[in-house]
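A quick write-up on the structure given underneath.
First chain written, first letter: the chains are A, B and C, and each begins at residue 1.
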Amino acid sequence: MTHPASPDFTLAELAERLGAHLVGGDEARRMTGLATLKEAGPDQVAFVANRSYLKDLATTRAGAVLLHSKHADVCPVARLELDNPYLGYAQLSRLFDPSLAPPQGGVHPTAVVADDVAMGDRVEIGPNAVVEAGVELGDDVVIGAGCVIGAHTCIGAESRLHPNVTVSYGVVIGKRAILHSGCVIGADGFGFAHDGGRWHKIAQLGGVVLGDDVEVGSCSSIDRGALDDTVIGNDVKIDSQVQIAHNVRIGDHSALAGCVGIAGSTRVGRNCMLGGGVGLSGHLTICDGVQVTGMSLVTNSIHEPGVYSSGTGAMPNAQWRRNAVRFKQLDDIARRLVRLEKRDQEG
Amino acid sequence: MTHPASPDFTLAELAERLGAHLVGGDEARRMTGLATLKEAGPDQVAFVANRSYLKDLATTRAGAVLLHSKHADVCPVARLELDNPYLGYAQLSRLFDPSLAPPQGGVHPTAVVADDVAMGDRVEIGPNAVVEAGVELGDDVVIGAGCVIGAHTCIGAESRLHPNVTVSYGVVIGKRAILHSGCVIGADGFGFAHDGGRWHKIAQLGGVVLGDDVEVGSCSSIDRGALDDTVIGNDVKIDSQVQIAHNVRIGDHSALAGCVGIAGSTRVGRNCMLGGGVGLSGHLTICDGVQVTGMSLVTNSIHEPGVYSSGTGAMPNAQWRRNAVRFKQLDDIARRLVRLEKRDQEG
Amino acid sequence: MTHPASPDFTLAELAERLGAHLVGGDEARRMTGLATLKEAGPDQVAFVANRSYLKDLATTRAGAVLLHSKHADVCPVARLELDNPYLGYAQLSRLFDPSLAPPQGGVHPTAVVADDVAMGDRVEIGPNAVVEAGVELGDDVVIGAGCVIGAHTCIGAESRLHPNVTVSYGVVIGKRAILHSGCVIGADGFGFAHDGGRWHKIAQLGGVVLGDDVEVGSCSSIDRGALDDTVIGNDVKIDSQVQIAHNVRIGDHSALAGCVGIAGSTRVGRNCMLGGGVGLSGHLTICDGVQVTGMSLVTNSIHEPGVYSSGTGAMPNAQWRRNAVRFKQLDDIARRLVRLEKRDQEG
């Protein structure tokens, strides 16, 4: 990629910011970025987050390596030692992120902002964004180009909406939210009464409430509630292409990978992890601490923490055809087996 | 959520609008909203749509309850009796919807509207919307902020496009459509000829036709046809994150839940219901009155109305692993069972 | 659909442009469009791309038919004979595409374009588009209405971004790209370190690189890399509603149908085809020439070209329930079968 300018730091500064122990390096040496052990040059920091990368450590050309002290002896260059190098990598990555410059503040002249919008300090509103009446924006909020923020929505301090995000009216978003481009918060949930051979729309009168530290990926949808709100807890991380239906509730610290779909009124506990493409039926309760592996379908509530799965992995098509056709005979197979077992016992 | 101001009605007005029978209440009492039996206060109407809510009826603090007369004796407060309380709820919800204010009309000064756009009465075009040449907009159409309407597209009366919807050129949309934010109507279908080791694009010359009373959820895609049009019937309801490929046809009154994907040229009948995440292969015919449960894969045409399913529900991962590995042996298991049965008969 | 004006061509011009042999028609006859054998009128060209359409050939009213010479004797009208009629259809479709008018060039007065944007010849930037600092746009690039192009992104010549596309900063897009409305290129990948009971964001410092001739469907997401780039090869075709996670690499000429999801760091080879709704787990390697059928889940690397599948097709719900419950007993069934076989051998 073609990078905008990013900041640089001395090794001493990095050690201080990470709470790491610098060993074997020049404190004044300036680091300009972060890279893998394989790719890093002498001005870049690399890291060892797990054993699988150890093989690249001995030959790295990095300016310094972030690692646990137990791997210190293999490291040929300066070390930044700390207990959780993966956390250190996360911290470092944010230091070097050129896109995380503090907001410059200011409303672009092409933005359309209602007169009564309440704005904190240093709020930045990008070109062609639209902010409707009664909206409240906390300190340091950034509204990207082309975003539309519906009437009476509140967005907490330090939240950042990337370009072309749409937030409907009356939505509440906590502090430090990150909403990626194309996501839609607060569109109508899917509710209709059937009568006389046709559908009658149920207006969606609830809202959406996002806690603090929520991230929502690109092109994801979180629908507004029918009567009560759809509620996303604190520190919930939602990937791209996710669909969250009306009145879903998701507990704090849960993470949803790409393409997850959650049907209406289902409650997901705290510290849950849903793999890519997982589907949850409506009106379920998923307890705290549940992990569901990719593309599984959950049609019943889950009351015990643990890992859950469904489906069958891919195999060569010819083999699959033979097995898939047998799946349709499975109940028959089971019954015939019981019959044989009986005859065996009898005979 | 933080609500914009919503309207209020007396109990007598509500009874009249719903065609309901008011029993035991003060006709002049004003109701300001709608809530569940549990949450409703004395200024709010609640409803009993099915037996599962009856347990909350005896203790409700609602100002009035919408219900069938057969549940009248359990109700401690004023009653609005009618035959289909769920339909009544749908009607009430629209009365109280603060977002359904009639359009104020007018083109926002930042909207870019071609000179020859034909506009009905009270058309409203939001900030930074773009309406290209030759577009026709019926009476009371609302085009939200940031929408782009391609050339020569027609949108029927009372249709409402929420912010940041994209409609391509030459699309036909019926009356009373509701298009939610981020949906895209009329992008190219996915068609290529393969020759000389590479793909050659097939221009998508067909259009998209939506009937009357169609709703399309946030971030959904309905692609334009290759030669003929993609056609969505009247009163078809489409949820968020849905993909409808080129030349699909969907019959009147069908409903598609979130994350459904329909491949090219498949025809879905009238009054069908596709659960969340359902996938239909291309070139199929699904007859009227078919329901498909969530995340099922349909690879063959369906000629009988009824409920169809595929897949396997989630189970604890350790149990799943044991069973999923057996799935790959299923044909072998079936053959071995036949062998045993033969030996049993012979011997 | 309501078409904008489209171009017309004489049969002689069409024969020349396609390298086809015109037989039995008036060279000067003007054709105004393309249609199916059934629908085509005397001013339209139809085509026979495969045997299944042959039944409609004898009765076609088309002005001319594109076909292989082996089908010439059945054709009642003028013929445009060539070796690959489906390729010919692709070429014809582009000739008649009213939306493919050459760009008129020019920056719309409502577009917000940074001073230092480097623009080739005939670049067209639509209403309310935003192009940030340091962007480079090649010759004949078209940026649709409402698009936002992040800082320092490069877009190759003849690329066309439909309205409301979002491209983040530092993205590299090759020549002749087609990006459909609502797609998002370069949003953050989904990366967090877990520590102290909460998530710590890993800034996504890599970019996205699209080769030449890439097409991306509506509402699809291609996320930026964590450290290295996410890389999409030349001539890769991506349908709508697709999610491509950080650091995925896709080889040249591969095609991904709608609703595909690919998790982080997976590498897909050249000339692969992924059916609708296919999911690939993270960190896999899929070799060249692999096809995966619709809605299959791939959790292991694939090292042999061929067709792969998973899942089970839909069946009537009552039958499915009986079989699906047996799936949970499958390991038990297999073990009991082994026991019976042993007893049979022993006895």
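Note that in this section a contact is a pair of C-beta atoms (placed from the backbone, for glycine too) under 8 Å apart; a residue touches a chain by one contact, two chains touch by 3 or more.
Chain by chain, the UniProt names read as follows: A, B, C = UDP-3-O-acylglucosamine N-acyltransferase.
On a predicted model such as this, the values are computed, not experimentally measured, just so you know.
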{"item": "Interface numbering overlap (same over half, different under half) for subunit B and subunit C", "value": "different"}
{"item": "Rotation angle superposing subunit A onto its copy subunit C by C-alpha atoms, nearest 5 degrees", "value": "120"}
{"item": "Approximate Å spacing (C-alpha centroids) for the pair subunit B, subunit C", "value": "26"}
{"item": "Shared-contact residues (touching 2 or more other chains) in subunit B", "value": "110, 128, 146, 164, 182, 219, 241, 259, 311-313, 315, 327, 329-330, 333, 337, 340"}
{"item": "Touch list for subunit C against partner subunit B, complex", "value": "1-4, 33-36, 39, 84, 86-87, 89-91, 93-94, 96-100, 108, 110, 126-128, 144-146, 162-164, 178, 180-182, 213, 215, 217-219, 235, 237, 239-241, 253, 255, 257-259, 276-277, 294-295, 311-317, 320-321, 324, 327-331, 333-334, 337, 340-341, 344"}
{"item": "List of subunit C residues in touch with subunit A within their complex", "value": "110, 112, 128, 130, 134, 146, 148, 150-154, 164, 166, 168-172, 182-184, 187-188, 190-193, 195, 197-209, 219-221, 223-224, 226-229, 241-243, 245, 259, 261, 263, 279, 281, 292-293, 296-300, 302, 306-313, 315, 319, 322-323, 325-327, 329-330, 333, 336-337, 340, 343"}
